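Quick one: the structure is below, questions incoming.
Just so it is clear, A, B, C, D and E label the chains in written order, and each chain counts residues from 1 on its own.
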Amino acid sequence: MTDNILAAFDLVLITTLLLLAWKLLSCEDIFTAVVLFISFGLLMALAWVRMRAPDVALAEAALGAGLTGPLLLAALRRMERIRKYERRLDLDEERNDYKKPKKKQAPPL
Amino acid sequence: MTWQGWLLICILLSSFLPGVIIFSLPEDKYRFRTSLNICGAVIKIIFILIMNVGIYYGHSFELRLPLIQGMELILNADPLSALFTTLSSVLWLLTTIYAVGYLEDSPNRSHFFGYFSLCVTVTIGIALAGNLLTFLLFYEMLTMTTYPLIIHRGTPQALRAGRNYLIYTMSGGAVFLFAIVWLQSITGPLDFSAAGFSPRLLDTHRTALIFIFILLIAGVGVKGALVPLHGWLPQAMVAPAPVSALLHAVAVVKAGAFGIIRIILYVYGIDNISSLHLYSFLIAISSVTIIWGSIRALQQNDLKRLLAFSTVSQISYITLGMSMADQPLAIIGGLVHLVHQGLMKITLFFCAGNLAETLGIHKISEMKGVARRMPLTMTAFTIGALGMIGIPPTVGFVSKWYLGLGALALGNWWVLLILAVSSLLNAGYFLPIIITAWFGKQEAHWPEERRFNRFETRLMLLLPPLFTAFVVIAAGIIANAEISPLAWVKFIIREYGL
Amino acid sequence: MLTNNLYNLCGLLLFGMGLFALFACSHLLRKILAVNIMSSGVFLVLIATAYRPLGAGEIDPVPHAMVLTGIVVSVSVTALALILACRVQETSNHSLSQSERNTNDGDSEE
Amino acid sequence: MTIFNSSAWIVAPIIIPLIGGLLCFLWRRDTFFIALFISLANLLSVTTLLRQFLLFGPLRYRMGGWEAPLGIALRLHGPALLMLLMTAVSGIGITLYARGYFSFRISALKHNNRHEQQERFFWPLWLMLWTALNALFLSGDIFNLYVTLELVSVSAAALAALSGKPASQIAAFRYLLVSLLGSLSYLLGVVFVYKTYGILDLEMLRQIATPGPGLQMALTLMTLGLLLKTALFPLHFWLPPAHANALAPVSAILSGLVVKGSFFILFTLWFEIFASSITANALDLIGLLGAGAVIWGSLQAIRQQRLKLLVTYSTVAQLGYLFIAFPLTATENISQEVWTAVTFMVMAHSFAKTAMFMAAGTIFLQVGHDRIRDLAGIRKSLPITSFAYAIAGVNLIGLPPSGGFIGKWLLLTAALTSGQWHWSLVIIAGSLLASVYVFRVVSRLFLTPDEAIIQECRPHSPLQEWPALFLAIIALLLGLIAPYFSLILETTEIVANLAPGGGL
Amino acid sequence: MIIKSRRKNKRRPFDPILLLVLLLTIGLTALLIKANYTIPVTSFGLAAEVARFQPRSGVESPVTAVLLNFRGYDTLLEVMILLIAVIGVWSLTKAPFPQKAVKTSPVQLAVVRLLAPLMCLVAAYLVWQGSHLAGGAFQGGAILGGAGVLLLVAELPWLRTIHSRPLRIGLLIGPLFFLGVALLGIINGRELLTYPGKWSGSLLLLIESTCAVSIGLTLASLFAGGRPADDLIGQTKTPACNREQKRC
């Protein structure tokens, strides 16, 4: 009986994990993706608990979701903020590098 | 390490160290640089003489540096190396003196003389190499050190010549490397002292060995200017005259010819080549080269280009001698021509350089009556040219004589015919020059005349060709004496076991 | 054994998904997310392999320690990558929008 | 009685740069002298290690005193020792050069704050990277290898981004992601190994590894990951921008040392640990990719207009040679030679490429650009640098007596004795192409200068020029000290296992 | 050029390259799954080994024993990775604190005041608990880092004035202590990372605490996203701006 419940739980957990991952990788909005990623991390923590790995679960909750989430959000905010005063245009190690078009440096792939 | 080993190292260092020091000297240290150069050359000659005496009295000069399984660097001086080292070092001394005079006041001399010294070091290294790996080492280094000399003037023409030189020699080097590795994967490590690998291998690897031989000859033939591979040589004439002299008489072309000798006599061995039926191949190549070079020389108006094609033709006499290697007389002819050609050709280049430097003459058509303006130079030139044609008592006659004797002994009429035709062709392009120079009438002003008091040109430019011209005759006259090149070559043949 | 396999499967699928997204997406943040998903997948496979049901014996703690190490590593790398991505965004002169279409960061993984 | 037992020397190459890195981060003043001291101390410890190795043979060290399946073992065998030596010597050169480079930029250019900042962060990152590389070479545990790989990637990516220009940051970002992807792929491979054998120690794995689906998958994954990190064609796409846009000392580090790390792991795994499960087809495939790298990389290098990019693409090409060695190991009795060849090529390339990037960096700083077209006659004002470049180039072409030549010679011998012709042709073609791209630059550098073009630029300090020449000459003379290396390689039990009865 | 084509590709429904990548990844995943199921299930891993040596490790929790003792070397290097990440982040940019002080809302402030100390407590508890139950330096450090993040989010003005040197010392305290203890083993004539038997438990706890502090600081610094304001005194922005104008 408990086995069946556990199996059902496993299935639900796995499906959710996969769906979340799919969603967060394919959704249009990057903010949503980040939020989904945080919830994905929390679910992973759940999965670790299920796998009888409490240490990992704690670390995942604290690090994976608790810290990576804010990191991502902060980065997102930084990316969206256009801070002109901080934009670096003293671009180069080289004195006159900015005279040349930048794109040429990218080699053909 | 024995004193013999140290001597070998000293021989190499005596020009290497001056070279390195010269690189770091500022341009204006003219005196120090010159004295360093000449001291190095003299010391080198002294060392080499000591070595020669040692070799004559049966000391063995060997130095081994094992690298890794199957790879060993060997310096080994046998009579043949002694011949080549002596030739190179003596001619180098003369060329250095000449170059000091020639390049007076031109820019970048420290650079030039640095490479000059390195170049001769490497040539001596080629002469002393005791196995194919060592030979390859110096052979590739020769490319590296001569390239800057060829492009020394920095003109677009020089650059193009340099690029072609690199293309030819690097490809040749790659082919050579490939062939060496292939050969050693069949025969195992090979020393020159073994004088040929075991004939038993012929049964199992016949085709491969034939292929390898062709590749090896092609590899060294690039520097030795065998005919389909000679394209770089006439172009390289844009370099200053001392460099041309160096390329033709002392280092590059000679190194190629020397490589051919090494491969035939010491890597494959006479018997192996004859059982692989490779002599006819060699005869064909050398005959074609001799004739083609002479024909091309006939068509030239530019003096240096003419000399270049004449080198192509003349250097192949050495190959021709090797291609009749089952007859000792022919080998003697080929080997002795290594020295004789060097002496004659360097005389001619010195003289051509003098004409260009003093009067601005580059073309044959501008040479009318030049002998009256520069009699000494033209005397030297005439002696060299007559030697090339093979008129006694010059050294050129001696070489051809032995080659002819060898061909006769073999009953090879074909070769005799080639010799005769090429002598005729040589006469065909040299005699007109001599005649115009001596009996022609000066029609216009010299293109770029410079006057030097007392002599017709700078003393340092004049003495070297006179000396070599003197040797061209002297060595021919005393050919049968104990200390002539011919005697030494006979010594080589005795030591080789023929 | 079924549970192990189930989670293993999930881990591998996550790995594959992340891998594809890493190549397919062009937004830098999304790439970072994709890598994180991939690493989660790998960790899941590792932990799932070590899993034993209650009463079926000791659980091997070594994979747990390995995953802990891995998580810390991936957090540090993520942080560095994020800052780099920010710098790239700041220095490249492009309007910043949430939609992936507008990012022109010159980053492609082919 | 000594205060610590002598086997502790094996951790010295890890601990010493690590302490240095931490101190450089903490102190901020006189960081160069810390770094110099650390690099000398590191060289000393590696030399001591070398002595011990020659006395006692391969060493094994139990971290924390725990035996292998539980604890982590370090192991020192011939190739690892040579890699340590290589890193130690190159490292000293790089440290000296970096000082010259930064001090020139700080003094000569505006915005010196930015350069000061770069130097300030360069030292701790570089020393950490050094730690990571040494740890990688010594590691004897596949999971520990993963950790060291990550350590290398993170510090290398941070270094690559140091220059601060956008191109370098994009490249560094991509570099970081690619390394991460490689590491993850490797980690998944480790997971499969652990699944199959329940063991992480390399020595024990070597004893029990048998061909099977798990191992095959693991090997595939690890190989993919490591190939990505080593930038084997066609997975090299990330390398040129990352290496070309970084600061010159960083490029030297990345090209000279970092790629060798992942290659070292790959080679160890393939030919030492899991040699039994390698199929001939896999070897051929890798060899084919290597040949592709040689040809493609060389052609790209020939096409480049900028010096640094040219040097970078030549890295791609030169890495190809290392992979051509793979199929040559298929014949039993020559695999030792191939090992030796590969070690030589790795070392020679490391020294030469480091020198080359240093020279390119100096030229860049002094002339203000690195367009090959306009570099005519630089020899006049930067003679030492030009010579360094030329000598390094001789190495890349593989002319004797350079280390590259020894490597090529051995590879050619192996190819011809084992009857695998095609590889020898690629090797020859590769050196010809290499001579084209090397001489394209060298002939310009050594042209008689046109007075109009050349401005009088004097290097700021000897540190900018001499380290490059020093390393280039080492690379050139590597061939002459070959016997010592083969001595080291032959005291390796692994090699002895590979080629029974081998030996000089 | 590549970018352009990529953008075009983005709009098109069928991108051949993407399709190829898709197929490749699907193939790889399928292979992986297949291999995963064909691997024979062996008796697993090092559990027995760990259980056997655990009493000598000085801690009760097996994971902590592996992490800090049996495979302590991995952990040592891992701590270094965190540190390198911080150095890398610092080398890239300065911490982006807004120029003007933002007024933090009182509610937020209250939450922070309440939560931050609490989190520190939790962290301490986790570290202590690590020796016998789940928890340890990383988890504790993460919670500490979370507290730091909370402070940073609240944008308290004094955060901006944090100096570089004390911060660096804080960042290094854990790694240095760990390294010091590791070297203790060598000084005692044993291997690196060998703990003296009697004190290993307390030493491990000490390592964990110091590392937790450093890890917390590290994570908070990573979140802050740059070096402290005083890290490079005198860096002005004017030249950059001038350049920008010139360029435009």
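In this section, a contact is a pair of C-beta atoms (placed from the backbone, for glycine too) under 8 Å apart; a residue touches a chain by one contact, two chains touch by 3 or more.
Computed from a prediction, not measured in an experiment: that's the story for all the values here.
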- Smallest number of touch links from chain B to reach chain E? 2
- Query: So which chain ends up closest to the centre of the protein, judged by Cα positions averaged per chain?
  - Reply: D
- Task: Would you mind checking which chain's C-alpha centre is most distant from the centre of chain C?
- Result: B
- Query: Compared with chain E, which chain's mean CA position is the farthest off?
  - Reply: B
- Task: Tally the contacting C-beta pairs at the A-C interface and at the B-D interface, and name the larger one.
- Result: A-C
- Query: Once you find the CA centre of chain D and the CA centre of chain E, what distance in Å lies between them?
  - Reply: 28
- Taking each chain's centre as its mean C-alpha position, how far apart are chain A and chain E in Å? 15
- Here the gap between chain A and chain D, centre to centre from mean Cα coordinates and rounded to Å, is 32
- Note on the structure: Expected list for chain A, residues touching two or more other chains, is 55, 59, 63, 67, 71, 74-75, 78, 83, 86-88, 90-91, 106, 109
- Item | Touching two or more other chains - residue numbers and ranges from chain D | 111, 114, 143, 147, 150, 154, 157-158, 161, 164-166, 169, 188, 194-195, 198, 237
- Query: So which bits of chain E are touching at least two other chains?
  - Reply: 2, 32, 36, 44-46, 50, 63, 70-71, 74, 78, 81, 84-85, 88, 92, 138, 219, 222-223, 225, 239-240
- Quick one: in the complex, what on chain D touches chain E? 2-5, 7-8, 11, 15, 18-19, 21-22, 25-26, 61-66, 69-72, 110-111, 113-114, 116-118, 120-121, 124-125, 128, 131-132, 135, 143-144, 147-148, 150-151, 154-155, 157-158, 161-162, 164, 169, 188, 192, 194-199, 212-214, 216-217, 220-221
- Would you tell me which residues of chain A are touching chain E in their complex? 54-55, 57-59, 62-63, 66-67, 70-71, 74-75, 78, 83, 85-90, 98, 103, 106, 108-109
- Note on the structure: Per the touch rule, the chain B residues reaching chain D in their complex are 23, 65-71, 73, 107-108, 111, 133, 136-137, 140-141, 144, 147-148, 151-154, 159, 162-163, 166, 170-171, 173-175, 177-178, 181-182, 184-185
- Report the residues of chain C in contact with chain A in the complex, numbered from low to high. 2-3, 6-7, 9-10, 13-14, 17-18, 21, 25, 27, 29-30, 32-34, 36-37, 40, 43-44, 47-48, 50-52, 54, 59, 64, 67-68, 71-72, 75, 78-79, 82-83, 85-86, 89-91, 96, 98-100, 106, 108, 110
- Message: Help me check something: in the complex, which residues belonging to chain D touch chain C?
- Response: 143, 147, 150, 153-154, 157-158, 161, 165-166, 169-170, 172-174, 176-178, 180-181, 184, 187-188, 191, 194-195, 198, 200, 237
